[in-house]
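Each remark here refers to the structure printed beneath this line.
Chains here go by letter, A, B, C, D, E, F, G and H, matching the order in which they are written, and residues are numbered from 1 within each.
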Amino acid sequence: MQDWLIYLSGEIHTDWRERIMDGAKEAGLPVRFAAPVTDHPASDDCGVVTLGEEEKPFWKDHKGAQVNAIRTRTLIEKSDIVVVRFGDKYKQWNAAFDAGYAAALGKPLIINHAPDLTHPLKEVDGAALAVAETPEQVVEVLRYVTTGVLKR
Amino acid sequence: MQDWLIYLSGEIHTDWRERIMDGAKEAGLPVRFAAPVTDHPASDDCGVVTLGEEEKPFWKDHKGAQVNAIRTRTLIEKSDIVVVRFGDKYKQWNAAFDAGYAAALGKPLIINHAPDLTHPLKEVDGAALAVAETPEQVVEVLRYVTTGVLKR
Amino acid sequence: MQDWLIYLSGEIHTDWRERIMDGAKEAGLPVRFAAPVTDHPASDDCGVVTLGEEEKPFWKDHKGAQVNAIRTRTLIEKSDIVVVRFGDKYKQWNAAFDAGYAAALGKPLIINHAPDLTHPLKEVDGAALAVAETPEQVVEVLRYVTTGVLKR
Amino acid sequence: MQDWLIYLSGEIHTDWRERIMDGAKEAGLPVRFAAPVTDHPASDDCGVVTLGEEEKPFWKDHKGAQVNAIRTRTLIEKSDIVVVRFGDKYKQWNAAFDAGYAAALGKPLIINHAPDLTHPLKEVDGAALAVAETPEQVVEVLRYVTTGVLKR
Amino acid sequence: MQDWLIYLSGEIHTDWRERIMDGAKEAGLPVRFAAPVTDHPASDDCGVVTLGEEEKPFWKDHKGAQVNAIRTRTLIEKSDIVVVRFGDKYKQWNAAFDAGYAAALGKPLIINHAPDLTHPLKEVDGAALAVAETPEQVVEVLRYVTTGVLKR
Amino acid sequence: MQDWLIYLSGEIHTDWRERIMDGAKEAGLPVRFAAPVTDHPASDDCGVVTLGEEEKPFWKDHKGAQVNAIRTRTLIEKSDIVVVRFGDKYKQWNAAFDAGYAAALGKPLIINHAPDLTHPLKEVDGAALAVAETPEQVVEVLRYVTTGVLKR
Amino acid sequence: MQDWLIYLSGEIHTDWRERIMDGAKEAGLPVRFAAPVTDHPASDDCGVVTLGEEEKPFWKDHKGAQVNAIRTRTLIEKSDIVVVRFGDKYKQWNAAFDAGYAAALGKPLIINHAPDLTHPLKEVDGAALAVAETPEQVVEVLRYVTTGVLKR
Amino acid sequence: MQDWLIYLSGEIHTDWRERIMDGAKEAGLPVRFAAPVTDHPASDDCGVVTLGEEEKPFWKDHKGAQVNAIRTRTLIEKSDIVVVRFGDKYKQWNAAFDAGYAAALGKPLIINHAPDLTHPLKEVDGAALAVAETPEQVVEVLRYVTTGVLKR
């Protein structure tokens, strides 16, 4: 099989993606990664910058969200595994939306969040095949799943 | 065509479902409604009450979330239209999860929320065919969609 | 089998739907019919009337088109046969869009148009299982398909 | 991920495809392009030239349309993004058909047309994730979607 | 569960359908039956009678085959079980086509033919869940499958 | 929504199906039940009795298994929820096969077995949305899922 | 796009496959070809040679047909275009089965046969996007479809 | 076509996978192989080692089974052929689950087991396209299917 394609959805204000990607690289895993655009201002403005300004914030957001969706839905559909990370800030409804989207497509889901978010995330966790507390745990799951090696 | 089946996902602490169902009844719309279990304690406890106690909160939540998923995923898949309501309290990640799940299944989505939630909900709204500010607007969309009558 | 559900897409300014429905009724065919909203002003205004005004015509049209899509896509997906009629006025891109949508879903397509439209409609006709010149021919196809009776 | 495959459907009498392909090349985007046969006489005659003459124009068109469909449906199904361009001439029902076909397959749609076509194209635009007025805007959307770079 | 819908494809010159339908009725089985149009001249002429004459036999056949396909594909897709009968006359390629069509849709297939056709039908039989030599055997399979009663 | 269709797969030598059906009836649940043929000799002999004797046990089993599959696969595909029960006797590979089949179709799975089977059933349980130790627990899950009532 | 994969089903006693493959090679088309095993004795015996002898011809055929199906169904599903050739000998029900199988999967079908088979093949032809009388015509269709060049 | 991907599910305590892989290598077959993690202790412990300890054996097993499922379901879905081997020890419900899972996805199934398991495996065998008694027979089936060469 070719490399596994891992989609990293969710939180964009911490270094969790780098920790997973660095860990996977260090371990030499047969994986490639995909992600939404994580440049927050670009992600917010992409609709109006590419397709023209809007006066109403609703339509600015709408255009941006749909342009982003061209990227995110395509990459989620191509991915082998979808990892969704929830942090302690912001609403993060797009992360939960991605989790639901991936679940309905039958993609294996790995959810990553701190233990204090367990109760509000219970439906999301309930659709996952792995719930990790740290990015390092995600790396270990990926190591085992893609190489069969269990690092004890 | 038989009655349209409308699934009402999201917020469980206000009367928005009743407002939609009453409005639809008053208008004589050819619709039936489905919803998750909206009795909050029952929804939280259903896993351990039906299948046995758990000591760790994570597994109590997990069992409950999965039992609820038997109901919610089945009903979403059977529905013709999925309405998701976001309120001003709680994390509501399950609502966003449902929206993503329904979107991936190709279900027409109607999202209902107050205008101040526009920015954090932009990805969810971007996947919808209608974004309503009030339950009454949802009723008017349902009236038009199911009967062709536009009440001006 | 239950009655066949026939979706009648396209032209809204002539009486072709009535001619098909009356013909089917007179013939006692086991069919029911569905259609988009054919009240032109309602169809144009449904977005802003139900969900709030827009200043820019683009967004007024967008809201209306998406509200109409809740109805049309749902009914096309439920239909057994999709009939699309092209007349001699207007752009009728929505009719061609519906034909493409139905074709990709694998729905049997019957296209109805006058012979002078053959060349520009060749791709649409090429995806159809029947190309009729008149609504009365559509009725005869429906009679044969649903009852097995061929009226010579 | 490999290069994105972008299908360019619609108008064949202007240089819009070249403008998009040149722009993408200049920007070094990870994309490849596919398109219908844009040699108009070849596209019209392909059925009878390859499979034998027809006396009736209807069957000449039919054979040609179906041979073209072997190419277009296959390429649309393989594409990651479908761009459909509408110009100011001809009926262009095949373009709208392609848009409907792609929409039903769940392909991300980018529609490109001048503003004066907004009203008759509202249903097509309503199914799109981006509506661009110029080919250059399409390039900018592709740049952002495939590389994450937003050129302000 | 509602009645099972059984599609009876294939040979139209013997009384095998009646033998199955009579046997099922006598046994009181919870089944309904569907079939192609078995009036041979009607089946041959339906295209040109409903949609207009053709000079070339190829197009007469083509129009007829496609009008018949509206009926047959729809009914096969709705059926729970597809029975295909091969006799000793004619090419019967449409019967084999139906078997392949049903197999690709995942429909349970029952093939009915005399033992001397075993070798040329081996690929068709290989896709079936039951191969019967007589219509009466088909009735017994339907009895067992739909009621659980095995008549020894 | 209509009644939920519950498929009861697995063990055929104890009264677990009756306990679930009686419990559901007593509780007045909006459910109907389906099951494989549970008459063991009939299930073993159905192939050769309906379609003709076989000398080799392999082909006798093969014919029987495939005739049974006409029933079981059809009913599993129509079901809303699939319950699979494992007992303490026999290999029960058909029960595990049904669980895998239902899982791949995305059917909500409820697995029922005594605690001592937990380890060998871990992959099957891992695909389930509920793991019950007794038929009575299954009834309580069905009560909650189909009516929203949690009996404490 | 990568090379197109063309599946060549049907007649195994003439050189039509070579004529198509040679023609495509000479034309430098971006295509690869796949086919069933065309060594007739091997195709007949493959089941019993690989998996053990059978006394009854029915089971010998059955084993062989199913082993062949591992190859043919997989290759048809991977193909971009399916060509089915009918000759003037034998029953050729497997060719018609393949055509039906490919049609239900939505594969573009090219049917190749002499004109005297038009009537018995009308249902098969009716599901095709091209009906060719000679292998050379198939090459010309492939040339046009895969390169856009129409050789007049 | 690229190499065929063969998934080898089932028994992990004998050398059957090596016998198939060595045989395929020696024969120079165009195949690659995939398999679950066959290190039994790693497979049992992977959940708790990667994601944290559990006190209750049920949850330890559950976490492990779901982490393994990320690998196994992904690989089964990517495979062209699924081989499932049953031995004479252990419950092997996961092997039967995989067979059911693969069957519902429409994957060609080859089942491998000794003749004395025929009766309890009849439903699993009934869903297969080949039933082999030895790994060497599986190699011969793969040789024929992937190269067309029948070694007599």
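Here, a residue touches a chain if its C-beta (ideal position, glycine included) is under 8 Å from a C-beta of that chain, and two chains touch if they have at least 3 such contacts.
Because the structure is predicted, anything quoted here is derived from the model rather than measured.
*Asks:* Over half shared numbers or under half: where do the identical copies chain B and chain F land at their interface, same or different?
*Replies:* different
*Asks:* Just to confirm, which listed pair, A-B, E-G or B-F, duplicates the contacts seen in B-C for more than half of them?
*Replies:* B-F
*Asks:* Which chain has its C-alpha centroid at the greatest distance from the C-alpha centroid of chain E?
*Replies:* A
*Asks:* Name whichever of C-E and E-G has more C-beta pairs touching across its two chains.
*Replies:* Pair with more contacting C-beta pairs, E-G versus C-E: E-G.
*Asks:* From the centre of chain B, which chain's CA centre is farthest?
*Replies:* G
*Asks:* How many Å are there between the centre of chain A and the centre of chain H, using C-alpha atoms for each centre?
*Replies:* 31
*Asks:* When the C-alpha atoms of chain D and chain H are each averaged to a single point, how far apart are the two points in Å?
*Replies:* Measuring from centre to centre gives 43 Å for this pair.
*Asks:* Just how far, in Å, is the C-alpha centre of chain D from the one of chain B?
*Replies:* For chain B versus chain D, the centre distance works out to 36 Å.
*Asks:* Mind pulling the chain D residues that touch 2 or more other chains?
*Replies:* In chain D, 66, 69, 131 touch at least two other chains.
*Asks:* Considering only the defined contacts, which chain E positions touch chain F in the complex?
*Replies:* 1, 4, 80-81, 108, 110, 129-133, 137, 140-141, 144-146, 148-152
*Asks:* Tell me, which parts of chain G touch chain E in their complex?
*Replies:* Residue list for chain G touching chain E: 57-58, 61-62, 64-66, 68-69, 86, 90-105, 115, 117-127, 131.
*Asks:* What residues of chain A sit close enough to touch chain D in their complex?
*Replies:* That would be residues 5, 32, 34, 37-39, 42, 45-47, 49-52, 63, 66-67, 69-71, 73-75, 78 of chain A.
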